[in-house]
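Structures are listed in the sections that come next.
Each of the next two complexes has chain A plus one more chain, namely chain B in the first and chain C in the second.
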Partner chain A sequence: MLQRVWTIARWTMVELLRERVLYVVLLFAAVLVGGSTVLTPLTPGAQKKVVVDLGLAAIDALGILVILLSGTSIVRRDMDRRSLDVLLTKPLTRLEYLGGKWLGLVATLLVLTVAMSVILITSLEACGFGWQARYLPAILGSGLGMLVMASIAVLFSTFTSPMLGALFTLALFVGGSLSEGMLRTVGAAGGNPLLESLSLAIPNMGLFNLRGDAVHGTGVVPGQFLVASCYAVLYVATALTLAATVFRRRDFR
Partner chain B sequence: MTRHVSLFVLPILLVATAVAGRAGQAQVRARPKRAVAALPGIPFLEFTALGYREAAADLAWMQAVQYYGQHRQGGNDLSEFGHFLEAVNTLDPRYEHAYVLGAVVLATDGGDLDAALEVLRRGARANPESGTCAFEMGFLSYVIGNDADKAMRYFALAEQDAEQQERAHRFRAFLSRRLGRLETAYLLWQDLYKSTESPSLRIVAQESMRRIEDELRQRGQVVP
Partner chain C sequence: MVLRLQNIQKSFTSGFLMRRRQVLHGLDLSIEAGEAYALLGANGAGKSTTLRILLGLARPDSGSGSLLGKPLGDCAARRRLGYLPENPTFHEQLTAREFLRYGAGLLGLGGPELAARIDELLERVELASASQTRLRKLSKGMVQRLGLAQALLGDPELLVLDEPMSGLDPPGRKLVRDLILEQRQQGKTVLFSTHILSDVEVVCTRAGILRDGCVATELCLDDLTRLRAESVELTVSALDERDERRLALLAQSTLRAGRIVHFTVAPSEAQELLQAALDAGGRLESMQPRRASLEDIYLEVARLRSPAAAAKRRDSVPAGGDR
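After this line comes the complex of A and B, so read on.
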């Protein structure tokens, strides 16, 4: 089983890299260098914070951008090229296929994140600000968020067009990022059970946002990271299982 | 034929676009100068920042700095500065630099020490482990408010943070002497002399202790 999943993952990764997804790294470098050059003179005394904030936010945002642009068409591409028909005649379950697709997307994101992190480290060192190990949890947190968003993109790619899939994925990302603040606002006004139930279905992206703690050096509580990891694993498992269920119902004849 | 036409038309279009762009730039520059684009409401900012609150706070802080720069050039009366500052503080409550610099602007250019102290109080509440805001409250209370007693209390508070300990201690020693509490001042300088690792500060402490000793002797008091 693992062999089959790995084969699909490798194939997906090669496919995504051929789509020149790695150009995102160049975009990151441009954002970081351009942003640092333009913005730091405007923030005397807080230049380092600006570069780190910008770098960590860009790693996260560009990862999400890749998921929206490539992840949401990951299954549709195989359908359009009819390669899915051939694949499904092989001894390969639909869950294995989707798991492989997700893993391929995640592997591509891993390559991108590592490359962007190396650029961030290099630019921090080059500017004389110095890289600090405390920034690492923020990147790992972003990585966990990307795992979750990738699984959502794969889920939508099984039953919608890439355009709609990207829109739905973006909506869940925005909703997930806002859910904590919204709940706080609603909670202050007496609470709303419907909204609270809905917030459990959308990914809690705030859980993966460890950038504030990393930048201000307050440190990430290990328990927080553990909870975020467990949540990510459970969310990914649920989303992929749901995707497989939807995908199984589809008729490709 | 079509290729020749496009070779002829393309440069004309490029030049025309550049000219139009230039005219547009001139028009924008000719507009009366307004304050730096005002920030939207804070709850709106919180929502639109999504998870990127720290980066959004940096951008808001840059707007605040530009707004202040415009004030220095006579472009505004600084009335919106508090709003800019509140936006930054709400988006990133642990951004201490913004509290400190913002408070200094409010106290000096804005002439509103109470507002400045309120900003720093907000900063101290958001960063309870840090003495930076408490130190700044002491500094502004003394320099702007001329209230040495109040400043002493804030410096004592700031001393609880190891990072602020030395300079807060030094200010306390300096103010004690100003307030005529020579014995306290002497003991504080002595304490600093023993604890500091800075050779220059040790010289300052030694010199201050010598002066206080002279003053005490002139008053007929005993050196502690």
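After this line comes the complex of A and C, so read on.
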């Protein structure tokens, strides 16, 4: 079983890397260099913070971009080009296939995040700002957020078109990023049971945003990271279980 | 028995209103080991759906079946089959060799013999020179041939091919025909759907014609070619016009082209007409039985609509028989 999951994951990663990720890495380098060049003269005394914040935000945003472009179509594309028919007529269960696809996507995001981090470190060193260990939790937080969004994207790709899947995933990402703040505002105004129950289903992406602490040097509390990790594991498990349930019942025409 | 489908019903919903459309109406199909079976039918007749149900890609609403001795959808049975889908494009970013390695990984194949097997298959489907080319750069026919190579990777007992000739040029079609014949000679079973009837007559042992979601007619092609001489065409030279007019009374039709006269005659009258022509000083140039082709029968079955017409047809098909 593991060998088959690994096979699917490996070739999924190879394909995704050849397809889009290289361009995203190049885009990241361009954003970082271009952004730093434009913004640092405007923020005397805070250039380092700007470059770090821009770099960490770009890692987050471009990871989500890859998920929207590739993750939301990861199953549907195989269906459209008839690869899925060939794969599922091999001695492979649908669960193994889905697990392999998710793992392949996650491995791709890992490679992407590592590549972008290396570019960020190199840029910081080149500008004379230096890399600090406190930036690492912010990158790991982004990674956890990508895991969650990747599982949501895979869930949507099992039953809807890439375009709708991308829209739904983006909506959940935006909603999840704003949910903490919105709930605080609503709570201060007396609370709203509907919004509060809805917020349980939407991923709380605020949990994974550790950029502020990294940039301003306040440091991440270990408990905060542990909570974020447990939340991510739970959310990924739930989304993938749902995806497996949907996918197991599907008919392929 | 390699595969069996019994009383399969299948419907799909489509559109915003989720309208249900029945595709298969109690389909029965069984194929023995070593057969090459062609599934024929008009577009929408249910050929691909039948194959998909058989392979576990779709589930029947009702009915039962088995594949290689296991229930439909069984994972272990899939180790012993190879499948080529209709109009595939596959993984465009992988090379031909990588694509085969991908399939081999899922079949649990590996080791030094795998590379040799992949080389052999690429050679067999005439893609050795394109082994390092990404699939997006291959033509439709090349991808189709690569699909055939991946279907053959595990040396399967059963080969299921959905429209294997579509998109292929004449050499490509010949290659597929030869491959199917090779599989037959090795005692393997081949099931395929197609629209190209001339190929069916060459490679198949049996064919089933799907109409209205069930197998309307099954034909044993060996019997077909042996039994269905509908008329005989006699070509005779050196006959004068008076003899030609006399012999025309025995023939269904006559056509003169210079010194050559073509007589079309019922099989029962052929012997008598030939003897009379020779007695009149004519010389036999050729004698050819005209058989009902698969296309004739296919078109006849496709035309049938009413149960009465179906019953009439049932009486007239000699080989295999209707269902």
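Things to note:
As a convention for this text, the second predicted complex is superposed on the first by the 251 of 253 C-alpha atoms of A that agree within 3 Å, B and C clash if a C-alpha of one lies under 4 Å from a C-alpha of the other, contacts with A are read in each partner's own complex, and residues count from 1 in each chain.
To be clear about the criterion, a contact is a pair of C-beta atoms (placed from the backbone, for glycine too) under 8 Å apart; a residue touches a chain by one contact, two chains touch by 3 or more.
Keep in mind that this is a model prediction, so the values were computed, not measured.
Once the two complexes are overlaid on the shared chain, A:A29 sits clear of chain B and of chain C alike. Of the two partner chains placed around the shared chain by superposition, neither chain B nor chain C is touched by A:L69.
When both complexes are overlaid on chain A, the residue A:L92 reaches chain C alone and has no touch with chain B. Of the two partner chains placed by superposition, A:L136 touches none, neither chain B nor chain C. Once the two complexes are overlaid on chain A, none of the chain A residues touched by chain B in the first is touched by chain C in the second.
Against chain A, in their complex, chain C makes its touches with residues 12, 48-49, 52, 55-59, 75-76, 78-79, 81, 83-94, 98, 102-103, 105-108, 147, 150, 160.
In the complex of the two chains, the chain B residues touching chain A come out as 43, 46-47, 50-55, 57-58, 61-62, 65-66, 92, 94-95, 97-98, 101.
Chain A meets chain B in the complex at residues 39, 42-46, 49-50, 53-54, 56-57, 60-61, 173-174, 177-178, 181, 185, 205-206, 208-209, 211-212, 215-216, 218. Contact residues on chain A toward chain C in their complex (touch as defined above): 3-4, 7-8, 10-11, 14-15, 18-19, 80-83, 85-93, 251-253.
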